[in-house]
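Chain naming follows the written order as A, B, C and D, and within any one chain the residues start at number 1.
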Amino acid sequence: MAATVRLQREPFDAASEAEKLRRGRSDIGAVVTFTGICRGDEADAPLVAMTLEHYPDMADAEIARHVAAAERRWPLLGVAVIHRYGRIQPGEDIVLVVTAAAHRQDAFAAAEFLMDYLKTRAPFWKQIELAGGGGTDKIWVEAKRSDDALADRWAPSSGRRAAE
Amino acid sequence: MAATVRLQREPFDAASEAEKLRRGRSDIGAVVTFTGICRGDEADAPLVAMTLEHYPDMADAEIARHVAAAERRWPLLGVAVIHRYGRIQPGEDIVLVVTAAAHRQDAFAAAEFLMDYLKTRAPFWKQIELAGGGGTDKIWVEAKRSDDALADRWAPSSGRRAAE
Amino acid sequence: MKLRYFAWVRERIGKPEEEIEPPAGVATIADLVTWLSGRGEEYAHAFENPRVIRAAIDRAHVRSDAAISGAREIAFFPPMTGG
Amino acid sequence: MKLRYFAWVRERIGKPEEEIEPPAGVATIADLVTWLSGRGEEYAHAFENPRVIRAAIDRAHVRSDAAISGAREIAFFPPMTGG
(Lines give C-alpha, C1' and ligand atoms only; values in the text may rest on other atoms or scores of the structure.)
Protein backbone atom coordinates (compact mmCIF):
# COMPACT_ATOMS: atom_id res chain seq x y z
CA MET A 1 0.00 0.00 0.00
CA ALA A 2 1.29 3.43 -0.92
CA ALA A 3 1.87 5.52 2.18
CA THR A 4 3.04 9.12 2.24
CA VAL A 5 4.98 10.46 5.24
CA ARG A 6 6.31 13.96 4.94
CA LEU A 7 7.81 16.51 7.32
CA GLN A 8 7.94 19.99 5.92
CA ARG A 9 8.15 23.65 6.82
CA GLU A 10 5.66 24.68 4.11
CA PRO A 11 1.86 24.52 4.28
CA PHE A 12 0.17 21.45 2.76
CA ASP A 13 -2.95 20.97 0.69
CA ALA A 14 -5.23 18.49 2.45
CA ALA A 15 -7.59 18.15 -0.51
CA SER A 16 -4.85 17.26 -2.98
CA GLU A 17 -3.40 14.65 -0.60
CA ALA A 18 -6.82 13.04 -0.23
CA GLU A 19 -7.31 13.21 -3.98
CA LYS A 20 -3.95 11.47 -4.60
CA LEU A 21 -4.99 8.51 -2.45
CA ARG A 22 -8.24 8.02 -4.37
CA ARG A 23 -7.24 8.74 -7.93
CA GLY A 24 -8.11 5.98 -10.38
CA ARG A 25 -9.35 3.57 -7.72
CA SER A 26 -12.78 2.15 -7.07
CA ASP A 27 -12.06 -0.02 -4.03
CA ILE A 28 -12.06 2.89 -1.56
CA GLY A 29 -15.37 3.46 0.21
CA ALA A 30 -14.26 5.86 2.94
CA VAL A 31 -11.71 8.63 3.27
CA VAL A 32 -11.09 10.33 6.62
CA THR A 33 -9.08 13.54 6.67
CA PHE A 34 -7.88 15.04 9.92
CA THR A 35 -6.38 18.52 9.94
CA GLY A 36 -4.78 19.90 13.10
CA ILE A 37 -4.78 23.70 13.19
CA CYS A 38 -2.90 26.25 15.30
CA ARG A 39 -5.45 27.93 17.55
CA GLY A 40 -5.27 31.61 18.47
CA ASP A 41 -5.26 31.12 22.19
CA GLU A 42 -3.89 28.83 24.84
CA ALA A 43 -5.70 28.69 28.18
CA ASP A 44 -7.40 31.98 27.21
CA ALA A 45 -4.14 33.84 26.56
CA PRO A 46 -3.77 35.15 23.01
CA LEU A 47 -1.22 33.19 21.05
CA VAL A 48 1.11 35.08 18.72
CA ALA A 49 2.65 32.02 17.05
CA MET A 50 3.80 28.47 17.68
CA THR A 51 7.17 26.97 16.81
CA LEU A 52 7.50 23.26 16.27
CA GLU A 53 10.91 21.74 16.92
CA HIS A 54 11.51 18.19 15.76
CA TYR A 55 14.16 15.47 15.65
CA PRO A 56 14.53 15.22 11.88
CA ASP A 57 15.58 11.69 11.07
CA MET A 58 13.88 10.07 13.99
CA ALA A 59 10.53 11.74 13.27
CA ASP A 60 10.34 10.37 9.71
CA ALA A 61 11.24 6.85 10.75
CA GLU A 62 8.99 6.83 13.81
CA ILE A 63 5.94 8.07 11.90
CA ALA A 64 6.58 5.55 9.11
CA ARG A 65 6.76 2.79 11.73
CA HIS A 66 3.39 3.81 13.12
CA VAL A 67 1.85 4.04 9.68
CA ALA A 68 3.05 0.47 9.13
CA ALA A 69 1.48 -0.53 12.47
CA ALA A 70 -1.82 1.03 11.37
CA GLU A 71 -1.63 -0.91 8.10
CA ARG A 72 -1.17 -4.18 9.98
CA ARG A 73 -4.06 -3.39 12.28
CA TRP A 74 -6.67 -2.19 9.79
CA PRO A 75 -7.24 -3.07 6.11
CA LEU A 76 -6.19 0.34 4.78
CA LEU A 77 -6.05 1.30 1.13
CA GLY A 78 -4.06 4.49 1.58
CA VAL A 79 -2.45 6.66 4.27
CA ALA A 80 -0.85 10.08 4.19
CA VAL A 81 0.73 11.84 7.18
CA ILE A 82 2.21 15.31 6.83
CA HIS A 83 3.61 17.15 9.83
CA ARG A 84 4.90 20.70 9.63
CA TYR A 85 7.74 22.15 11.69
CA GLY A 86 9.05 25.67 12.20
CA ARG A 87 7.00 28.76 13.01
CA ILE A 88 3.25 28.51 12.49
CA GLN A 89 0.66 31.22 13.02
CA PRO A 90 -2.89 30.96 14.38
CA GLY A 91 -5.26 29.60 11.76
CA GLU A 92 -2.50 27.74 9.91
CA ASP A 93 -2.41 23.96 9.58
CA ILE A 94 0.02 21.92 11.69
CA VAL A 95 -0.66 18.31 10.81
CA LEU A 96 -2.58 16.22 8.31
CA VAL A 97 -3.65 12.57 8.51
CA VAL A 98 -5.59 11.01 5.65
CA THR A 99 -6.75 7.39 5.73
CA ALA A 100 -8.59 5.46 3.04
CA ALA A 101 -10.33 2.10 3.42
CA ALA A 102 -13.23 0.10 2.02
CA HIS A 103 -15.24 0.72 5.21
CA ARG A 104 -15.57 3.75 7.42
CA GLN A 105 -14.72 2.14 10.77
CA ASP A 106 -11.25 1.23 9.56
CA ALA A 107 -10.56 4.68 8.15
CA PHE A 108 -11.79 6.41 11.31
CA ALA A 109 -9.94 4.11 13.70
CA ALA A 110 -6.64 4.37 11.82
CA ALA A 111 -6.85 8.18 11.64
CA GLU A 112 -7.50 8.43 15.37
CA PHE A 113 -4.74 5.94 16.14
CA LEU A 114 -2.24 7.91 14.08
CA MET A 115 -3.23 11.23 15.65
CA ASP A 116 -3.06 9.81 19.18
CA TYR A 117 0.38 8.50 18.30
CA LEU A 118 1.59 11.79 16.81
CA LYS A 119 0.46 13.65 19.93
CA THR A 120 2.35 11.45 22.36
CA ARG A 121 5.23 9.65 20.64
CA ALA A 122 6.37 11.51 17.53
CA PRO A 123 9.48 13.58 18.37
CA PHE A 124 7.99 17.07 18.02
CA TRP A 125 7.90 19.79 20.64
CA LYS A 126 5.67 22.85 20.56
CA GLN A 127 6.76 26.19 21.89
CA ILE A 128 4.12 28.90 21.97
CA GLU A 129 4.52 32.66 22.06
CA LEU A 130 1.91 34.34 24.21
CA ALA A 131 1.26 38.06 24.13
CA GLY A 132 2.51 39.24 27.53
CA GLY A 133 2.77 42.61 29.27
CA GLY A 134 5.96 43.92 27.70
CA GLY A 135 6.44 41.55 24.77
CA THR A 136 5.89 37.86 24.21
CA ASP A 137 6.44 34.94 26.58
CA LYS A 138 7.83 31.80 25.01
CA ILE A 139 6.52 28.68 26.68
CA TRP A 140 7.10 25.01 25.93
CA VAL A 141 3.75 23.25 25.75
CA GLU A 142 3.45 20.54 28.39
CA ALA A 143 2.38 17.05 27.44
CA LYS A 144 -1.22 16.34 28.42
CA ARG A 145 -2.27 13.36 30.49
CA SER A 146 -5.47 13.24 28.45
CA ASP A 147 -3.41 12.62 25.31
CA ASP A 148 -1.60 9.75 27.02
CA ALA A 149 -4.95 8.28 28.00
CA LEU A 150 -6.18 8.49 24.40
CA ALA A 151 -2.98 6.84 23.13
CA ASP A 152 -3.36 4.06 25.69
CA ARG A 153 -6.63 3.03 24.04
CA TRP A 154 -4.59 1.35 21.32
CA ALA A 155 -2.37 -0.72 23.59
CA PRO A 156 -2.81 -4.46 22.94
CA SER A 157 -4.22 -5.11 26.41
CA SER A 158 -6.97 -2.47 26.36
CA GLY A 159 -10.11 -3.45 24.48
CA ARG A 160 -11.14 -0.30 22.65
CA ARG A 161 -14.65 -0.68 21.43
CA ALA A 162 -17.08 -3.38 20.61
CA ALA A 163 -16.96 -2.65 16.90
CA GLU A 164 -13.35 -3.59 16.44
CA MET B 1 -23.15 27.48 15.58
CA ALA B 2 -23.45 27.50 11.82
CA ALA B 3 -24.42 24.08 10.52
CA THR B 4 -24.85 23.14 6.88
CA VAL B 5 -27.21 20.31 5.91
CA ARG B 6 -27.72 19.73 2.22
CA LEU B 7 -29.26 17.01 0.08
CA GLN B 8 -28.36 17.24 -3.57
CA ARG B 9 -28.07 15.30 -6.77
CA GLU B 10 -24.83 17.03 -7.80
CA PRO B 11 -21.32 16.18 -6.62
CA PHE B 12 -19.91 18.23 -3.73
CA ASP B 13 -16.51 19.72 -3.02
CA ALA B 14 -15.28 18.41 0.33
CA ALA B 15 -12.36 20.82 0.49
CA SER B 16 -14.47 23.91 -0.03
CA GLU B 17 -16.96 22.79 2.63
CA ALA B 18 -14.13 22.31 5.13
CA GLU B 19 -12.66 25.67 4.12
CA LYS B 20 -15.99 27.42 4.70
CA LEU B 21 -16.13 26.15 8.29
CA ARG B 22 -12.64 27.46 9.09
CA ARG B 23 -12.53 30.73 7.24
CA GLY B 24 -11.60 33.71 9.38
CA ARG B 25 -11.57 31.76 12.65
CA SER B 26 -8.74 30.95 15.02
CA ASP B 27 -10.65 28.95 17.64
CA ILE B 28 -10.74 25.74 15.58
CA GLY B 29 -7.95 23.28 16.36
CA ALA B 30 -9.26 20.20 14.56
CA VAL B 31 -11.24 19.53 11.40
CA VAL B 32 -12.37 15.99 10.53
CA THR B 33 -13.68 15.33 7.03
CA PHE B 34 -15.36 12.04 6.17
CA THR B 35 -16.12 11.23 2.56
CA GLY B 36 -18.17 8.16 1.69
CA ILE B 37 -17.48 6.88 -1.81
CA CYS B 38 -19.32 4.48 -4.15
CA ARG B 39 -17.14 1.38 -4.48
CA GLY B 40 -16.82 -0.60 -7.69
CA ASP B 41 -17.89 -3.91 -6.25
CA GLU B 42 -20.32 -5.41 -3.78
CA ALA B 43 -19.48 -8.82 -2.35
CA ASP B 44 -16.98 -9.27 -5.21
CA ALA B 45 -19.55 -8.63 -7.95
CA PRO B 46 -18.72 -5.66 -10.19
CA LEU B 47 -21.01 -2.73 -9.53
CA VAL B 48 -22.26 -0.70 -12.48
CA ALA B 49 -23.87 2.10 -10.49
CA MET B 50 -25.82 2.86 -7.33
CA THR B 51 -29.08 4.76 -7.03
CA LEU B 52 -29.96 6.49 -3.79
CA GLU B 53 -33.64 7.00 -3.09
CA HIS B 54 -34.58 9.32 -0.24
CA TYR B 55 -37.57 10.76 1.58
CA PRO B 56 -37.02 14.41 0.74
CA ASP B 57 -38.47 16.49 3.53
CA MET B 58 -37.93 13.94 6.24
CA ALA B 59 -34.25 13.47 5.37
CA ASP B 60 -33.43 17.18 5.77
CA ALA B 61 -35.23 17.47 9.07
CA GLU B 62 -33.88 14.21 10.46
CA ILE B 63 -30.29 15.03 9.61
CA ALA B 64 -30.65 18.54 11.07
CA ARG B 65 -32.02 17.00 14.26
CA HIS B 66 -28.98 14.75 14.54
CA VAL B 67 -26.60 17.58 13.83
CA ALA B 68 -28.28 19.44 16.71
CA ALA B 69 -27.84 16.35 18.91
CA ALA B 70 -24.14 16.26 18.03
CA GLU B 71 -23.84 19.94 18.93
CA ARG B 72 -25.39 19.31 22.33
CA ARG B 73 -23.10 16.37 22.96
CA TRP B 74 -19.74 17.81 21.85
CA PRO B 75 -18.43 21.39 21.87
CA LEU B 76 -18.44 21.76 18.09
CA LEU B 77 -17.44 24.89 16.20
CA GLY B 78 -18.82 23.84 12.83
CA VAL B 79 -20.64 20.98 11.10
CA ALA B 80 -21.49 20.27 7.49
CA VAL B 81 -23.41 17.25 6.21
CA ILE B 82 -24.06 16.77 2.52
CA HIS B 83 -25.81 13.65 1.22
CA ARG B 84 -26.29 12.97 -2.47
CA TYR B 85 -29.23 11.15 -4.02
CA GLY B 86 -29.90 9.81 -7.49
CA ARG B 87 -27.59 7.71 -9.63
CA ILE B 88 -23.96 7.56 -8.57
CA GLN B 89 -21.12 5.72 -10.26
CA PRO B 90 -18.17 3.87 -8.75
CA GLY B 91 -15.51 6.28 -7.57
CA GLU B 92 -18.00 9.10 -7.02
CA ASP B 93 -18.74 10.62 -3.61
CA ILE B 94 -21.97 9.75 -1.80
CA VAL B 95 -21.80 11.58 1.51
CA LEU B 96 -19.73 14.20 3.30
CA VAL B 97 -19.48 14.95 7.01
CA VAL B 98 -17.20 17.73 8.23
CA THR B 99 -16.82 18.56 11.91
CA ALA B 100 -14.73 21.31 13.48
CA ALA B 101 -13.82 21.68 17.15
CA ALA B 102 -11.09 23.06 19.39
CA HIS B 103 -9.89 19.52 20.18
CA ARG B 104 -9.58 16.46 18.01
CA GLN B 105 -11.53 14.00 20.16
CA ASP B 106 -14.69 16.07 19.81
CA ALA B 107 -14.33 16.45 16.05
CA PHE B 108 -13.65 12.71 15.57
CA ALA B 109 -16.46 11.57 17.86
CA ALA B 110 -19.05 13.86 16.28
CA ALA B 111 -18.08 12.80 12.74
CA GLU B 112 -18.37 9.11 13.66
CA PHE B 113 -21.67 9.72 15.45
CA LEU B 114 -23.14 11.49 12.43
CA MET B 115 -21.96 8.80 10.02
CA ASP B 116 -23.30 6.00 12.21
CA TYR B 117 -26.58 7.87 12.31
CA LEU B 118 -26.72 8.46 8.56
CA LYS B 119 -26.09 4.75 7.93
CA THR B 120 -28.92 3.54 10.11
CA ARG B 121 -31.53 6.26 10.60
CA ALA B 122 -31.45 8.78 7.76
CA PRO B 123 -34.22 7.95 5.25
CA PHE B 124 -32.06 6.90 2.30
CA TRP B 125 -32.11 3.58 0.46
CA LYS B 126 -29.41 2.28 -1.82
CA GLN B 127 -30.13 0.20 -4.86
CA ILE B 128 -27.15 -1.23 -6.68
CA GLU B 129 -26.83 -2.41 -10.25
CA LEU B 130 -24.59 -5.44 -10.58
CA ALA B 131 -23.23 -6.66 -13.90
CA GLY B 132 -25.04 -9.96 -14.44
CA GLY B 133 -25.08 -12.56 -17.18
CA GLY B 134 -27.50 -10.93 -19.63
CA GLY B 135 -27.64 -7.38 -18.30
CA THR B 136 -27.69 -5.78 -14.90
CA ASP B 137 -29.36 -6.97 -11.72
CA LYS B 138 -30.88 -4.27 -9.54
CA ILE B 139 -30.66 -5.10 -5.86
CA TRP B 140 -31.73 -3.15 -2.80
CA VAL B 141 -28.84 -3.05 -0.34
CA GLU B 142 -29.75 -4.72 2.94
CA ALA B 143 -29.16 -2.93 6.22
CA LYS B 144 -26.17 -4.33 8.08
CA ARG B 145 -26.26 -5.50 11.65
CA SER B 146 -22.74 -4.17 12.06
CA ASP B 147 -24.01 -0.66 11.28
CA ASP B 148 -26.70 -1.01 13.92
CA ALA B 149 -24.06 -2.10 16.42
CA LEU B 150 -21.95 0.95 15.60
CA ALA B 151 -24.95 3.25 15.97
CA ASP B 152 -25.77 1.67 19.33
CA ARG B 153 -22.44 2.92 20.71
CA TRP B 154 -24.00 6.36 21.04
CA ALA B 155 -27.08 5.31 23.01
CA PRO B 156 -27.22 7.03 26.39
CA SER B 157 -26.87 3.75 28.30
CA SER B 158 -23.71 2.50 26.57
CA GLY B 159 -20.50 4.09 27.82
CA ARG B 160 -18.44 4.59 24.70
CA ARG B 161 -14.86 5.18 25.67
CA ALA B 162 -12.87 6.40 28.60
CA ALA B 163 -11.94 9.64 26.85
CA GLU B 164 -15.46 10.99 26.64
CA MET C 1 -54.35 10.66 5.15
CA LYS C 2 -51.51 10.35 2.72
CA LEU C 3 -49.40 7.23 2.58
CA ARG C 4 -45.90 7.23 1.08
CA TYR C 5 -43.81 4.22 0.17
CA PHE C 6 -40.08 4.00 -0.45
CA ALA C 7 -37.55 1.55 -1.92
CA TRP C 8 -38.82 -2.03 -2.27
CA VAL C 9 -41.99 -1.26 -0.33
CA ARG C 10 -42.80 1.25 -3.09
CA GLU C 11 -41.82 -1.22 -5.81
CA ARG C 12 -43.95 -4.04 -4.39
CA ILE C 13 -47.02 -1.85 -3.85
CA GLY C 14 -46.46 -0.33 -7.27
CA LYS C 15 -46.90 3.33 -6.42
CA PRO C 16 -45.03 5.97 -4.46
CA GLU C 17 -48.01 7.41 -2.60
CA GLU C 18 -51.76 7.35 -2.20
CA GLU C 19 -54.58 8.86 -0.17
CA ILE C 20 -56.40 6.44 2.13
CA GLU C 21 -59.17 6.54 4.72
CA PRO C 22 -58.70 3.63 7.12
CA PRO C 23 -61.73 2.39 9.09
CA ALA C 24 -62.22 3.44 12.70
CA GLY C 25 -60.65 0.36 14.31
CA VAL C 26 -57.26 1.03 12.73
CA ALA C 27 -55.51 2.86 15.58
CA THR C 28 -51.80 2.14 15.31
CA ILE C 29 -49.10 1.67 12.69
CA ALA C 30 -49.35 -2.10 13.25
CA ASP C 31 -53.12 -1.98 12.71
CA LEU C 32 -52.57 -0.01 9.52
CA VAL C 33 -50.08 -2.58 8.22
CA THR C 34 -52.56 -5.38 8.88
CA TRP C 35 -55.40 -3.48 7.24
CA LEU C 36 -53.25 -2.57 4.18
CA SER C 37 -52.08 -6.19 3.84
CA GLY C 38 -55.71 -7.20 3.30
CA ARG C 39 -56.15 -4.80 0.39
CA GLY C 40 -54.43 -6.94 -2.22
CA GLU C 41 -51.54 -9.16 -3.14
CA GLU C 42 -49.15 -6.28 -3.76
CA TYR C 43 -49.73 -4.99 -0.21
CA ALA C 44 -49.51 -8.47 1.28
CA HIS C 45 -46.18 -8.92 -0.51
CA ALA C 46 -44.81 -5.53 0.64
CA PHE C 47 -45.77 -6.16 4.25
CA GLU C 48 -45.18 -9.94 4.36
CA ASN C 49 -42.48 -9.49 7.03
CA PRO C 50 -43.73 -6.67 9.27
CA ARG C 51 -40.58 -6.86 11.38
CA VAL C 52 -38.47 -5.31 8.63
CA ILE C 53 -40.94 -2.54 7.88
CA ARG C 54 -40.06 0.92 9.24
CA ALA C 55 -42.59 3.72 9.54
CA ALA C 56 -42.68 7.48 9.93
CA ILE C 57 -45.58 9.68 10.95
CA ASP C 58 -45.38 13.23 9.63
CA ARG C 59 -41.71 12.69 8.80
CA ALA C 60 -40.57 11.40 12.17
CA HIS C 61 -39.61 7.78 12.87
CA VAL C 62 -42.18 5.89 14.94
CA ARG C 63 -42.55 2.38 16.31
CA SER C 64 -45.28 0.02 15.22
CA ASP C 65 -47.36 0.74 18.32
CA ALA C 66 -47.55 4.47 17.55
CA ALA C 67 -51.07 5.91 17.29
CA ILE C 68 -51.97 7.18 13.83
CA SER C 69 -54.83 9.47 14.75
CA GLY C 70 -54.25 12.99 13.49
CA ALA C 71 -51.47 11.92 11.14
CA ARG C 72 -51.33 13.74 7.83
CA GLU C 73 -48.60 11.67 6.20
CA ILE C 74 -47.52 8.13 7.04
CA ALA C 75 -44.56 6.53 5.28
CA PHE C 76 -43.50 2.87 5.07
CA PHE C 77 -40.04 1.76 4.03
CA PRO C 78 -37.35 -0.87 4.60
CA PRO C 79 -34.48 -0.33 7.06
CA MET C 80 -32.43 2.68 5.97
CA THR C 81 -29.17 2.22 4.07
CA GLY C 82 -27.82 5.72 3.64
CA GLY C 83 -24.42 7.14 4.37
CA MET D 1 29.12 8.95 21.01
CA LYS D 2 26.97 11.86 19.91
CA LEU D 3 24.42 13.38 22.25
CA ARG D 4 21.52 15.45 20.95
CA TYR D 5 19.19 17.64 22.97
CA PHE D 6 15.77 19.00 22.04
CA ALA D 7 13.30 21.61 23.30
CA TRP D 8 13.91 22.81 26.87
CA VAL D 9 16.58 20.16 27.48
CA ARG D 10 18.51 21.78 24.64
CA GLU D 11 17.85 25.27 25.96
CA ARG D 12 18.96 24.43 29.50
CA ILE D 13 22.14 22.66 28.40
CA GLY D 14 22.81 25.48 25.96
CA LYS D 15 23.69 23.43 22.89
CA PRO D 16 21.89 21.15 20.44
CA GLU D 17 24.52 18.39 20.39
CA GLU D 18 27.96 17.31 21.51
CA GLU D 19 30.38 14.40 21.37
CA ILE D 20 31.06 12.67 24.67
CA GLU D 21 33.04 9.71 25.98
CA PRO D 22 31.38 8.47 29.17
CA PRO D 23 33.51 6.46 31.63
CA ALA D 24 33.27 2.68 31.72
CA GLY D 25 30.76 2.42 34.60
CA VAL D 26 28.07 4.35 32.68
CA ALA D 27 26.03 1.46 31.28
CA THR D 28 22.42 2.66 30.90
CA ILE D 29 20.47 5.77 29.98
CA ALA D 30 19.84 6.37 33.70
CA ASP D 31 23.58 6.12 34.40
CA LEU D 32 24.27 8.57 31.61
CA VAL D 33 21.76 11.07 32.99
CA THR D 34 23.40 10.83 36.43
CA TRP D 35 26.86 11.24 34.95
CA LEU D 36 25.82 14.20 32.78
CA SER D 37 24.11 15.87 35.74
CA GLY D 38 27.50 16.00 37.48
CA ARG D 39 29.13 17.86 34.61
CA GLY D 40 27.80 21.29 35.46
CA GLU D 41 24.86 23.40 36.56
CA GLU D 42 23.31 23.52 33.10
CA TYR D 43 23.16 19.73 32.97
CA ALA D 44 21.93 19.48 36.55
CA HIS D 45 19.14 21.92 35.62
CA ALA D 46 18.18 20.06 32.43
CA PHE D 47 18.03 16.71 34.22
CA GLU D 48 16.71 17.91 37.61
CA ASN D 49 13.57 15.81 37.18
CA PRO D 50 14.71 12.61 35.43
CA ARG D 51 11.13 11.29 35.36
CA VAL D 52 10.13 13.79 32.67
CA ILE D 53 13.21 13.14 30.52
CA ARG D 54 12.66 10.97 27.45
CA ALA D 55 15.52 9.31 25.57
CA ALA D 56 16.21 7.75 22.20
CA ILE D 57 19.12 5.56 21.14
CA ASP D 58 19.93 5.71 17.45
CA ARG D 59 16.56 7.36 16.82
CA ALA D 60 14.35 4.85 18.59
CA HIS D 61 12.58 5.52 21.89
CA VAL D 62 14.12 3.67 24.86
CA ARG D 63 13.46 3.43 28.58
CA SER D 64 15.89 4.67 31.19
CA ASP D 65 17.19 1.15 31.87
CA ALA D 66 18.28 0.67 28.23
CA ALA D 67 21.96 -0.23 27.73
CA ILE D 68 23.94 2.43 25.87
CA SER D 69 26.87 0.29 24.72
CA GLY D 70 27.30 0.47 20.97
CA ALA D 71 25.06 3.55 20.65
CA ARG D 72 26.15 6.08 18.07
CA GLU D 73 23.58 8.77 18.86
CA ILE D 74 21.66 9.30 22.09
CA ALA D 75 19.01 12.01 22.36
CA PHE D 76 17.37 13.56 25.42
CA PHE D 77 14.17 15.53 25.30
CA PRO D 78 10.96 16.34 27.19
CA PRO D 79 7.70 14.45 26.59
CA MET D 80 6.61 14.91 22.99
CA THR D 81 3.92 17.45 22.10
CA GLY D 82 3.41 17.00 18.37
CA GLY D 83 0.25 16.53 16.38
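Operating definition for what follows: a contact is a pair of C-beta atoms (placed from the backbone, for glycine too) under 8 Å apart; a residue touches a chain by one contact, two chains touch by 3 or more.
Nothing here was measured: the structure is a model prediction, and the numbers come from that model.
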Chains touching both subunit A and subunit C: B
Could you state the distance in Å from the CA-based centre of subunit A to that of subunit B? 22
Centre-of-Cα separation between subunit C and subunit B, whole angstrom: 26
Measure off the straight-line distance from the CA centroid of subunit B to the CA centroid of subunit D, and report it in whole Å. 48
Quick check: what residues of subunit B touch more than one other chain, meaning two or more? 36, 104, 115
Residues within subunit D bordering two or more other chains: 83
Taking all chains into account, which pairs touch? A-B, A-D, B-C
Subunit B touches which residues of subunit C in the complex? 4, 6-8, 10, 56, 59-61, 75, 77-83
Which residues of subunit A touch subunit B in the complex? 14-15, 18, 22, 25-41, 90-91, 102, 104-105, 107-108, 111-112, 115, 146, 149-150, 153, 160-163
Residue ranges of subunit B in contact with subunit C within the complex: 36, 52-55, 57-58, 61-62, 83, 94-95, 115, 118-127, 140-143, 147
